[in-house]
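Letters are used for the chains, namely A, B, C and D, taken in the order the chains are written, and counting of residues starts over at 1 for each.
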Amino acid sequence: MQRIGVFVCHCGSNIAATVDVKKVVELIKLEPGVVHAEDYQYMCSEAGQEKIAVAIREKGLTGIVVCSCSPRMHEATFRKAAEKAGINPYMVEIANIREQCSWIHKDMEEATKKAVILARAAVAKVNLNAPLKPGESLVTKRALVIGGGIAGIQTALDIADAGYEVDIVEKTPSIGGRMSQLDKTFPTLDCSACILTPKMVDAAAHEKINIYTYSEVEKVSGFVGDFTVDIRKKARYVDMDKCTGCGVCQEKCPSKKAPSEFNRGLNKRSAIYTPFAQAIPNVPVIDADYCVKLKTGKCGLCEKVCQAGAIDYTQKDEIITQKYGAIVVATGFDVIKLDKYDEYAYSQSKDVITSLELERIMNAAGPTKGHLERLSDGKAPKNIVFIQCVGSRCSDNRGKSYCSKICCMYTAKHAMLIRDKYPDVNVTVFYIDVRTPGKNFDEFYRRAVEEYGVNYIKGQVGKVLPQPDGQLLVQGVDLIDNKQIKMEADMVVLAAAIEPESSVRKIATMLTASIDTNNFLTEAHPKLRPVESPTAGVFLSGVCQGPKDIPETVAQAGAAAVKVVGLLAKDKLLTNPCTAKPDELLCNGCSTCANVCPYGAISYEDKLINDHGIRETRRVASVNSALCQGCGACTVACPSGCMDLQGFSNRQIIAEVDAICR
Amino acid sequence: MSIKENEEFRPKIVAFCCNWCSYAGADLAGSSRLGYPADVKIIRVPCSCRVNPMFILRAFEKGADGVIICGCHPGDCHYSTGNYYARRRMTLLFSLLDYVGVEKGRTRVEWVSAAEGVKFSATMNEFVEKIRSLGKNVRLEDLRCRN
Amino acid sequence: MQELISRIKALLADKTVDRVLGWKAGDMPYNPEPAYFETEEDLKDFVYDGFCGANLSKYMIEASKLEGKTLVCLKPCDTYSFNQLIKEHRVDREKAYIIGVGCKGKLDIDKIKAQGIKGIKSISGAEIDGAADTLKIDTMYGEKTCSYADAMLERCHVCKGKEHMIYDEIIGESKDTADGNRFDEVAKIEAMSPEEKFAFFQKELSKCIRCNACRNVCPACSCRKCVFDSNKFDSAQKANVVSFEEKMFHIIRAFHVAGRCTDCGECSRVCPQGIPLHLFNRKFIKDINAFYGDYQAGADVDAKAPLTNFTFDDIEPGERG
Amino acid sequence: METAAKQADLIREISGVNPYKCMKCGKCSASCPSYNEMDIKPHQFVSYVLHEDIESLVNSKSIWKCLSCFACVERCPRDVKPGKLIDAARQLVVRQKGQDFLLADEIPELLDPDIPQQLLVSAFRKYKR
């Protein structure tokens, strides 16, 4: 029988206000095995931990139950405290009487009763705990960054500057991401390319950074410190070493009908292309869907004009397998599809555009060379209407329930830039709320109103009706004047909601990183661990975790990099000792467990077994504890109960069930 | 011990929650103060695939009135495939329990992510309500366990 | 039967096999029992007729550990069990010489007795070589007859077919005796109200005396030590006092063999209390077929078992298939 | 006061609308083809229910000017469905008059050039038995 000490935390008043902690102490003392029980203000404090240590020494405790907050919060704290006081850290169990009790119940009697039951269950479990010892695994000193936008670039630069090798995997032909598509950035109106391009160059030139563009992550296996990743390098049909980036091939290419991804499909590009002038690497790719040579075997013009001899139509996809200690997801975002918003006539009129399309139109390298003009007839617009929250803050099934966060600011930016460059253009913004938390943000928005005379109307637009003469009839409401407004516009700009890049789901599944209902990756803790995924060794950078602007993204990228560096700086990691363990005497050798193991951690061997004096060589399971992650799938698959999970054994769980149902 | 007629029926409910999603979802429900009845007691397991049918039957045998298993959404399992196995096992087990006359509402599987505190709380409220309407479990109880 | 015996003798004589796993005559004309035969002399008791329902594949687990080859007689439905045991590495194919014996349906003495036929002295017409139409029963009260089909085991009315799934040679003819729908009984229970279902199983299972015959005969229930005998779950057998213990036992037993049970029907055949235990297993089989596609355990050694497999869009627990 | 609360509850019950979901964006009013005819605008309907001023609603012109075109229901980003509130207020009046149900035979005599025909169609759809 264990000698168990129970420690009940008040958590200030968080627990004590709803749970009668004295009563819990009094009742839990009656449980078999409990030789000590006490309560304290803050068990997690230095003094609280000392109480545990003193009790271990004085009462010879062999097991500890702490009734406190969630084990996800302080299990590690109390395990360390126990270890310091000389008992095995895995002899500690937590009864979660805060998140699962005091915080959700109001009635003190009821909450106290439940707290006692939860404590009993923990005591019943500890009675069956056994000391466990973690194994060790080596750390591969190399990081993978998935996504080559500003988030990925910054993370990679920071990791590389700390002296570790980093690979960036980017699925498009160039790094740069969404930021490279922007014209200016708020709230200072710097030119986006002017501040991004140097970072791209830095990344490309960094000796510790290796960039795989036009590549995708195909498969991930392993675990923190020792991931093995397959990267598919898509056939580029251009030899990266030979190409000089002269651009002649793109000029001569006869197939110029492919919609330009970089310009959001607003104009066309050639089949062989670099997405934009500052692309890194400055090596084009051939789009096999449009290349005449690859489709019909005829043409081959680019090969003929290429003086470097870099064109290679025979190139094939290549799989690169690499080991990494840590993985950063920086997959970024896209704007939502607007096909469910017929009322805004996005698909009916070329002059109804998204804000990201406007960025391209205003950009000197864009489809209109930076001239503000209507895409339908090339005329200069006189009246522009901006509509906010298109698909954001929607609780219906058409849009997203969250605020996309960046739209208020970029719309103020657009309005201001237009009024600055074209003072005779009237700009109207329909808004629900203007949200400008951020340094110099509200000042920025006020300048748009006060200095640039942008007409902000509180209210929404109900519909946009294209007129026969090409004008757009905008019907909205002014909630302050309590008037319905009908106005003509020649351009309507929609602040479409942003959503995580579509490939993130697949990547999250490969990484077993959790994802929320909106496809944003979940952080390990919403406040305290915002750049880590709950999956060890996986970190989050940029909009894949939630909407954010450039400064926030860069800050988060740096934070993720520090977490990665902290991990890579270690030579060894302790592995989870809660692994599966077979009882050879009971093993049938049937292989059922191996069939469900996701890690291939179970193998079979013919082994001489001494079963109470009967010696027999037979086939039995053995678990590689370095590979086993402790999910327990095998324990249920095993019919004989031979396979058990250390730390969550069958008997332990049954004891908890019994204690709860008592 | 029989329930007195004027006494409100307070069911015993065991909730198995996987450590990575649902337990964290329960924590989020807690820190968001989204209440649910105290009848629900949570047992932390590493993954929904750790839940052995033996545990469920044991709970019923010892007098539980309902058992709910919560895990990561399919596709989001921390161990990548655990909840897929759990899904098949529980589908078949629940179907058999229904077949032997255990009311279907007494067992439930719900996928709750770490971000779904609201869903966790709503699910538990709903489940407790359901069990209250079904009343005490007598069909799988071991009569010797009654006091 | 003569052809079978002479072939067995030859195989024993030329040392192809060291022993034979078959059936020997019992003390009554209708209760032959599984037995090993090592010499020609032993074989005088060898019998194979309509009452040899016992599935011998499970005995091959122990036989696989013996020196040399064991000849085993397997009926078509027994071969599914044998395949399943190969899949689970419980038997050694190399140690087995399988004679696929013909089968025209196996008989259930209780069904004969239920027709009021008592004081049985001898039975003819159960020989495997015959037409298997009518049984002639010589009783203390004179000669009675009974149709072969009416005397068949429940499982033979839902026969899986006359093909042997695995064998070294086949001796004798087989017949597909199916004349019923395998899942009719299950569907009947499914259609009941929860109260009726509970009452039905309560009534059946309360007969259980926990003799473990079902477990011991089951080729899938072949654990070295059953969970109900070990302390792994604190679930070791306790005194038989109330009804639930049996329910727990039978539900878990059925769950442990789910996806592995070939529906050989031995559990129901051997139950001394006549509990239709196959109704548990068959419910699982019906559900597996409905939810995850048709699956016959033991038909294909390489197929993935339903419970160690999944698809991304499997139905959710509680949903109907 | 108490009856006002009761009536507000009734409107919520009939319409199935939770007015607390409204984020006051005004898209309903922006979409409404009868906006100018209405004394209480669609977006105000929601706040009237919220503030339990049902008296004003049932006496408003708006409930008879609403075309039941459901543009506001269709486009509301928060699933508040002001059109259903208006419908409910109208039903409240109809019920007070003891005319819970509408028969096809009664429609011709209800036809009035001032009432949009779609209102009748919509009412029939909703109140017929």
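The working rule: a residue touches a chain if its C-beta (ideal position, glycine included) is under 8 Å from a C-beta of that chain, and two chains touch if they have at least 3 such contacts.
Remember, predicted model here, so these are calculated numbers, not experimental data.
Most remote from chain C, judged by the distance between CA-atom centroids, is D.
Per-chain CA centroids place chain B at a distance of 43 Å from chain D. Rounded to whole angstrom units, the spacing between the C-alpha centres of chain A and chain B is 30. Averaged Cα coordinates give chain C a centre that lies 70 Å from the centre of chain D.
Among the residues of chain C, those touching two or more other chains are numbered 227, 233, 235, 307-308. Shown for chain D are the residues that touch two or more other chains, of which there are none. Among the residues of chain A, those in touch with two or more other chains are 596, 637, 650, 654.
Each chain pair that touches appears in this list: A-B, A-C, A-D, B-C.
Partner chain C is touched in their complex by these residues of chain B: 52-54, 57-58, 61, 74-75, 81, 84-85, 87-104, 107-109, 139-144. Touching chain B in their complex are the following residues of chain C: 186, 189-190, 192, 194-202, 227, 233, 235, 241-245, 247-248, 251-252, 254-255, 258, 280, 283-284, 287-288, 291-292, 306-312, 314-319. Residue ranges on chain B touching chain A, taken from their complex, read 12, 14, 19-21, 23-24, 26-27, 29-31, 33-36, 38, 41-47, 49-55, 58-59, 62-64, 72, 75-82, 85, 89, 113-116, 121, 145.
Contacts from chain D toward chain A in the complex involve residues 21, 23-32, 35-36, 41, 43-44, 71, 75-79. Of all residues in chain A, those touching chain D in their complex are 343, 389, 393-396, 398-399, 432, 458-463, 475-477, 479, 482, 484.
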